[in-house]
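Please find one structure pasted underneath; my questions will follow.
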């Protein structure tokens, strides 16, 4: 409703399970110390391969939160 | 086999469930009024965060369709 | 542990099921002829639409592997 | 609150007065035929020069609106 | 001379003959329904290959036209 | 004169008034906790639309400051 | 009307007052030695910060002019 | 109809005659050793100048082909 | 064979006939005043539309030449 | 081996000596307060010129570190 | 002297010593199996950090070579 | 201290020795005719390969200088 200022931080989450879980892991981790997170933007999707299979999904996101 | 012309439109779908569902929601909605859709390209993936969790996935796609 | 050289190749996998499966299909296929794959980077996500629905997900990845 | 779908259109507004007015002109014009506009993103800023001075500011924006 | 507003649409033309013809096909097709087209910008050039030869040139352009 | 190291943070300021004020709001807010800010770079300009008018300008900047 | 050739030069203007004035300063300066300037394109917007406030706006533009 | 995997390779063709011929030269050459080529994407267009004239057109394309 | 330094200038050529001619027009014009041109890179392809047809092709190139 | 989350920060190092030293200066400085740094990515390379010579190399890097 | 076709491959070299050595390592390795290499283009510069210091420089290059 | 205007030119330096020397060669050469150079930005790094080794480093920079 008014003239907020937001800070954006860049996080890389990883997950053995899925791209989406990698993002959620990053946001869950950040939620332990950052309040008022409002949105994220996917910046990059990568992964590690072991034995010819995807071993970890790694997704980098920018997360925006309100500065009080 | 011939010299088609395509138009591309840009849509943002949202879903509380998944990135993939956000894309499918955009295409399902477009299918109500656009015929002959042929392909899509993902342009941007974002989302809203509420209470430290992903509340909505928002994916922007370009959708190409044949102009008759 | 030391001064490796990697080659990166570009692959497009497709899947009727999901974005993630399209990536895994590309890597599984490559694993038949390429050894020592180490990581991938998603370059582009597209798909085909038939009858107003996503028919195939198509994801292009770069895959890096060690050159012996 | 729910799973909206948005369409984005690309407009170029021009103004002899200012960059900001060029954007507002584009949005005012669009408002005559497009409902439920929600956000815009600046894509490009250019202008015409006449007699060694800025004659027109031309700003291209993408405008997102809800599809009912 | 004044404060016009332009809309830009994205089209993909195809031609068995040439890149340039693909662009002209897109613009000719659009001219059947869009008036006051003023400029275009080439966004992407691709093509289909059949039997080891270019079968179709496919060029994507953005076309700008005046909104009355 | 010497070999400084700078850190860059990313902020989004908003303003109902102007693009320029949105940037100044972001920097004013940051100045409450960050010292030795030296420069900024505009990364993205967006805004919210309400009732067919620009309601808020939102400008994202990177701000560089000296690390002591 | 004919087959002109244009040259584009890149200039950075600065202003303590505004983004827009920074652009106009660059063009005014160029007008002292360059004739037949026809258009500009904004390439980058930056600025210097002193004492927690914007001290100078710095805007880089490409300027196109007809070569006689 | 099914879940193909494609590999993309990057080629630069050159021609004294035309941009288009440079692309066709690259694809003709590749056709001697690569089967099942399906599409190409133009990545870069350059050329050499000799005596103030274009001596060679050089066009870089990515070519996609099915992996059996 | 040695340690040359090159300067690159940016030119926009136009032609009623073709993309390729627009590039050649730019280089021919530059050849009247610039010596030792060695290569060019296509930066942007645009055009003007009149009466629903391409009236002018406009191609922007960077041209590199040796500084003596 | 597990599902780490990384944070990425952006730093600009400077050095009168070399590009490489500028990067090392940035990382050495960060090491005083940031633990578990794992990788960096070069984002931008610039420098200051005084009396016609490079006076300082300035390299911007993103540095990723594990969040415990 | 005539209408060559080139292929470009993408390699990542690493070196504990320097950025430049990482590139040379990649090219030396490639020279064992690839003939007629003509040029390279740096695509990305990264590195690993251990104990707060750069442990490895990693540089990705595209290498072009003539196809006979 | 005041409202300077800068011009930016684009130069490519080459060196058989190093990337860094290629940049310094470009700036030294420019210093023979351009005064008041203030900063540079690296745009592209390439090189020539002969006999499987780097023969020349070629680095393109933009150089900014004050217009009096």
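Labels A, B, C, D, E, F, G, H, I, J, K and L are assigned to the chains in the order they are written; within every chain, residues are numbered from 1.
Rule of thumb we're sticking to: a residue touches a chain if its C-beta (ideal position, glycine included) is under 8 Å from a C-beta of that chain, and two chains touch if they have at least 3 such contacts.
Remember, predicted model here, so these are calculated numbers, not experimental data.
S.K.: If each step moves to a chain the current one touches, what is the fewest number of steps from chain C to chain F?
M.R.: 2
S.K.: Please flag the chain sitting at the greatest distance from chain I, going by CA centroids.
M.R.: Greatest centre separation from chain I goes to chain A.
S.K.: Where chain I and chain L touch, do the two copies share over half of their residue numbers, giving same, or under half, giving different?
M.R.: different
S.K.: Quick one: report the Å distance separating chain D from chain L, using the average Cα coordinate of each chain.
M.R.: Using C-alpha averages as centres, the distance is 38 Å.
S.K.: In whole angstrom, how far does the Cα centroid of chain A sit from the Cα centroid of chain I?
M.R.: That pair's centroid distance is 44 Å.
S.K.: How many angstrom between the C-alpha centroids of chain F and chain B?
M.R.: 31
S.K.: State, to the nearest whole Å, the distance from the C-alpha centre of chain C to the C-alpha centre of chain K.
M.R.: 22
S.K.: Could you list which residues of chain B touch at least two other chains?
M.R.: 9-10, 19, 30
S.K.: Taking all chains into account, which pairs touch?
M.R.: Taking the chains two at a time, the touching pairs are A-B, A-C, A-F, A-J, B-C, B-D, B-E, C-H, C-K, D-E, D-F, D-G, E-H, E-I, F-G, F-J, G-I, G-L, H-I, H-K, I-L, J-K, J-L, K-L.
S.K.: For a test of understanding, state which residues of chain G touch chain L in their complex under the given definition.
M.R.: Contact set of chain G toward chain L: 9-16, 22, 25-26, 29-30, 56, 60.
S.K.: If we count contacts the way the header does, which residues on chain A are in touch with chain C in the complex?
M.R.: It is residues 18-19, 44-49, 52-54 of chain A that touch chain C.
S.K.: Could you list, by residue number, the parts of chain D that touch chain F in their complex?
M.R.: 19-20, 23-24, 27-28, 30-31, 37-42, 63
S.K.: Would you pull the chain J residues touching chain A in the complex into a rising list?
M.R.: My answer: residues 3-10, 62, 64, 67.
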